[in-house]
Amino acid sequence: MWSFSDISNSIHEWLSGNFNPTWTLIIEMVLAGVAVIGLFAVLGLVLVIMERKVSAWMQIRLGPNRVGPKGIFQSLADTVKLIVKEGMTPAGADKFLFNLAPFIAMIVTMLLLAPIAFAGNFQLWDINIGVLYVSAISSLSVISVLMAGWASNNKYSLLGAMRSGAQIVSYELSAGLSVLAIVVLAGSLQVSDIVGSQADGWWIFKGHLPVWIAFVTFIIAVTAETNRAPFDMAEAESELTAGFHTEYSGMKFALFFLAEYVNVFIVCAIGATLFLGGPIPLHIGSWEGFNHAMDYIPSSVWFFGKTFFLIFLIMWFRWTFPRLRIDQLLNLEWKYLLPISMINLLLVTAMAILKWHL
Amino acid sequence: MGAGKYISDVWSGFKSLLKGMKRTGYYFTHHKEIITQQYPDNRKELNLPERFKGEVVMPHNENNEHRCTGCQACELACPNGSLKVIFKNEMTPEGKKKKAIDKLVYHLELCTMCNLCIEACPSDAIKMAQTFEHSVFDRNKLIKILNTPGSKIMEGVE
Amino acid sequence: MYRETEIVKDFTATGEGGDMIINVGPQHPATHGVLHLVITLNGETIKKVEPHLGYIHRSIEKMCESLSYRQFIYVTSRMDYLSAHINNHACALCVEKGLQVEIPERAKVIRVLMDELTRIASHELWWGAMAMDLGAFTPFFHAFRERETINDIMEETCGARLTMNYMVPGGVMQDIHPNFQKRVKDFLQLYKRKIHEYDELVTGNVIFQNRMKGVGILSAEDAISYGCTGPVARGSAVSCDVRKVYPYEIYDKLEFDEILETGCDSFARYLIRIREMNQSIRIIEQLIDNIPTGDFQAKTKAVLKLPKGEFYTRVETARGELGVYIVSEGGTTPYRIKFRSPGFSNLSVLDKIARGGKIGDLIAMMGTLDLVIPDIDR
Amino acid sequence: MTIEELKIKLTELQPSVTYEEGGEFININVGAADLLSFMQQLRKDSSLFFDYLFCLTCLDWKTHLTMVYHLTSTQYRHNMVVKVKLDRGNPEIETVSHIWRTAEFHEREVYEMFGVNFLNHPDLRLLILPDGWEGKNPLRKDFEDPVNMIKL
């Protein structure tokens, strides 16, 4: 059957048949890089148009409908516009850091794509500490935000960056703890192992209440971590005009924008992998025919379907809720989410030791 | 008490959030509720109410005649001087000199569509038109002459 | 003589003890216009708010001195453009007080109907903008759906959607459109079908309540001392609804409640406006089927001349008490006009209530004060 | 209190006041020197209790300026107008902003629009006019604006 792993295997076989192992590795790395950049761009375009359509329909509007059929090329047109725009650097800004910040944001996001299992047996890099790698690298994104805010020499940017710093550092904790719940249950940090452990049922189904709590905590925490409303303190446009990217324009702004959307994709992909089984199809008990039919759907479709469902959920939050205040945001983390996820982790550990989940 | 209140707080907060999401979810799935008007496309179906105040016009009949006597009531009523009557001397058939309007100059760029001139006009010579797409590239194009060239006053209007 | 305004010379300037000074506005998403606030911040906490006005000052009071009593009314639509009808109404009332004309019953009822429709439209816009200040975008569009219906009604009867100039001394300019009653009833139905969404989307939301409750405390004494009126004062349980206290037109014959909340905080001010919309609906329901027949305009002279003297009227706009003070020297133009605008006094309280709050609170408070900048600047 | 009762009471407070007939409110003329004590009594006296200054403005009569204070009581709902005649060349008057805080903004407006100098005002700066305004006071009758006038 047609699948990503077959394609990658045949490319690998063809390359190793025609080149020596070093060249094979180099070509494969270049191919992977091109694929990642391509994915990055495509994801950005798709997610922007998706957000605009979702928001429009929730706001009883039509949304973009001029460029291409039903407006699907709107984000492409926007990208062209952003590319041809002048990227200005304010006079008082620290030029080096100011120009570096968007690239750091993008690089961090690209690095995060490495351990994600896009389909069954299809990963760029199946590192044995995959989940740890993701949480480690994703916390680097705060550096780009701080850098952008500081280098802009704008008070709104600085406030936004400081808010973002406080926010990402705090929410990292509960995101990490809820990820840890699954790691405890699966007994491995490797992404492929975690996916494999869900072959007989997704964790959300066989993990009972503790995993649900972990899932909800995870969704809230990653919404905050990616600076999405209702936690978009860093760019709260009615308070700080645009927060840390007030001074950015043109393609530099677009890189921040893209990085934000791809970040959303990545955290949703992690959520889908950990809690919803990633590329594992939906199986229900002993319904043989149903399970068999589900197996026919390619694993990549399962993965992207689950991920986009989570992305839609996060967009739904954004277009429904008002923004929190900065102190309430930190209260929510330290007074509610952190205690809940710590107790939850204890529960999960007890569950894993007593083998309730099996 | 503490733990119970904590849990009930969390739960009721959660419920209120779900309620809001249900509402936006309803609109997300019910596209019939969309109220957007696609403006330049629906120009043909667009019908403005007959009282809509777009700009001041002076209706002429098929003989190129209007009802303006040049009494300057509109000019006096206008709060910002957007109407100006310019006179000319005309010879009546009997050979008498008679004052008649040459031009009724209308400054659309000054007009606030307050309807006071139309109220003030004793002979119903001017009225509001339902046009609203007034944008031009040259500001001078907004200075309009309401009566058409060569127009005359209608018979029997005093 | 006319110099460029220098706002803050050194952008990195800091106040005492390293406090940060920030310009909110004149171009800022949350000020809804060209309000300029210079705020002193300690971290996220506000230490001082200082309004700078005048970016949209047109000196309407001076303009009115050269306009006749019929002409000056249209200018007042441009003050508080969200309740243009009510502004016009106040001016028309003041001129009528000077002329001592009795206006027909029908005109009175039409005026009250228009006022209440305007009040609902204004509160709808405020509700959407307020939610947007707090970061929820969707309510804005939902509010506009109902508001557009009102605007369509206005357009049909008055010929314009925002600055109608429908009230004239002696009554109203034109009779109501034949469709008016039917369309108002349609609107009432739409409103009743949709009003529960306001609670679902915003009022009941736990994030919203936490943002609003207990912030921006304004005590009743302060509200009176600062001259607050309208929903701002009534949120502090100060009874100040001009429609009840000094009734004009037919308000003394109508059944409606003056809404008072004792919360004194932003949430109380929010609730006042939501509940006031329901009271306006109540007034419209009482009147819409009982518009008396007769003239819509009393006979007045073509050129109005007010006797020598001073005339003061006040009406309740959507934002509070609007006073019109005309000093006449007996001529065709007012010698001096003073508009006591509600927004100007309500703004002065901002510094008092914002101190000690966070930036997000300031935005929420500005939302609940319902500032309309042309009303403040005039 | 009715207008007549108010008049008796007010004359007791300040015998030097004069009344102006006409208008719906009682109009009282007070000398500029007596204003502050008179206003304080109006605010504090328990039977008057004028706690709400709803309008504060100034009139330019070409020969002199008149400050006009519209007062009401939220408790008794009676209204009155206090008027103070000022010298046009050098208008000076005590501020009432510590009695009614709303006067702070209104007095700033009057200060820049009419040039009335309010003594002891906590923050007498330009509010509406741009900083460094050097022209005449815009709402005075002899003000002319050569720059922004539209010629038709």
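In this document, chain identifiers A, B, C and D correspond to the written order of the chains, with residue numbering beginning at 1 in each.
The rule is simple: contacts are C-beta pairs under 8 Å (C-beta built on N, C-alpha and C of every residue); 3 or more make two chains touch, one makes a residue touch a chain.
Owing to the predicted nature of the structure, the values given are computational and were not obtained by experimental measurement.
J.: Show me the overlap between the contact partners of chain B and those of chain D.
T.: C
J.: Determine, using the mean of C-alpha atoms as each chain's centre, which chain is farthest from chain A.
T.: Centroid comparison gives D as the farthest chain from chain A.
J.: Using mean C-alpha positions as chain centres, tell me how far chain A is from chain C in Å, no decimals.
T.: Computed from C-alpha means, the inter-chain centre distance equals 45 Å.
J.: Quick one: chain C and chain D, Cα centre-to-centre, how many Å?
T.: Distance between chain centres, rounded to whole Å: 24 Å.
J.: Round to the nearest whole Å and give the separation of the Cα centres of chain A and chain B.
T.: 51
J.: If you look at chain B, which of its residues touch at least two other chains?
T.: Within chain B, the residues that touch at least two other chains are 17, 20, 23-24, 35.
J.: Note the residues in chain D that touch 2 or more other chains, in rising order.
T.: Expected reply: no residues.
J.: List, in ascending order, every residue of chain C touching at least 2 other chains.
T.: Correct list: 138, 145, 201-202, 205, 207.
J.: If we count contacts the way the header does, which residues on chain A are in touch with chain C in the complex?
T.: Counting only chain A, the residues touching chain C are 55, 58-61, 92, 153-156, 159, 163, 229-230, 232, 236-241, 319-328.
J.: Given the complex with chain B, which residues does chain C contribute to the contact?
T.: Per the stated touch rule, the residues are 67-68, 70-72, 74-75, 138, 145, 148, 155-160, 163, 165, 168, 173-174, 177, 197, 200-202, 204-207, 302.
J.: Spell out the part of chain B that touches chain C in their complex, as residue ranges.
T.: 12-14, 16-17, 19-20, 22-24, 35, 48-49, 51-53, 77-79, 112-116, 119-120, 128
J.: Would you tell me which residues of chain C are touching chain A in their complex?
T.: Against chain A, the touching part of chain C is residues 11-12, 20, 22, 28-30, 44, 131-138, 140-142, 145, 201-202, 205, 207-208, 210-211, 358-361, 363.
J.: In their complex, what parts of chain C are in touch with chain D?
T.: Against chain D, the touching part of chain C is residues 1-6, 51-54, 57, 59, 61-62, 97, 222, 224-227, 229, 238-240, 245-246, 309-312, 314, 321, 323, 325, 327, 335-336, 338, 340, 344-345, 347-348, 352, 377.
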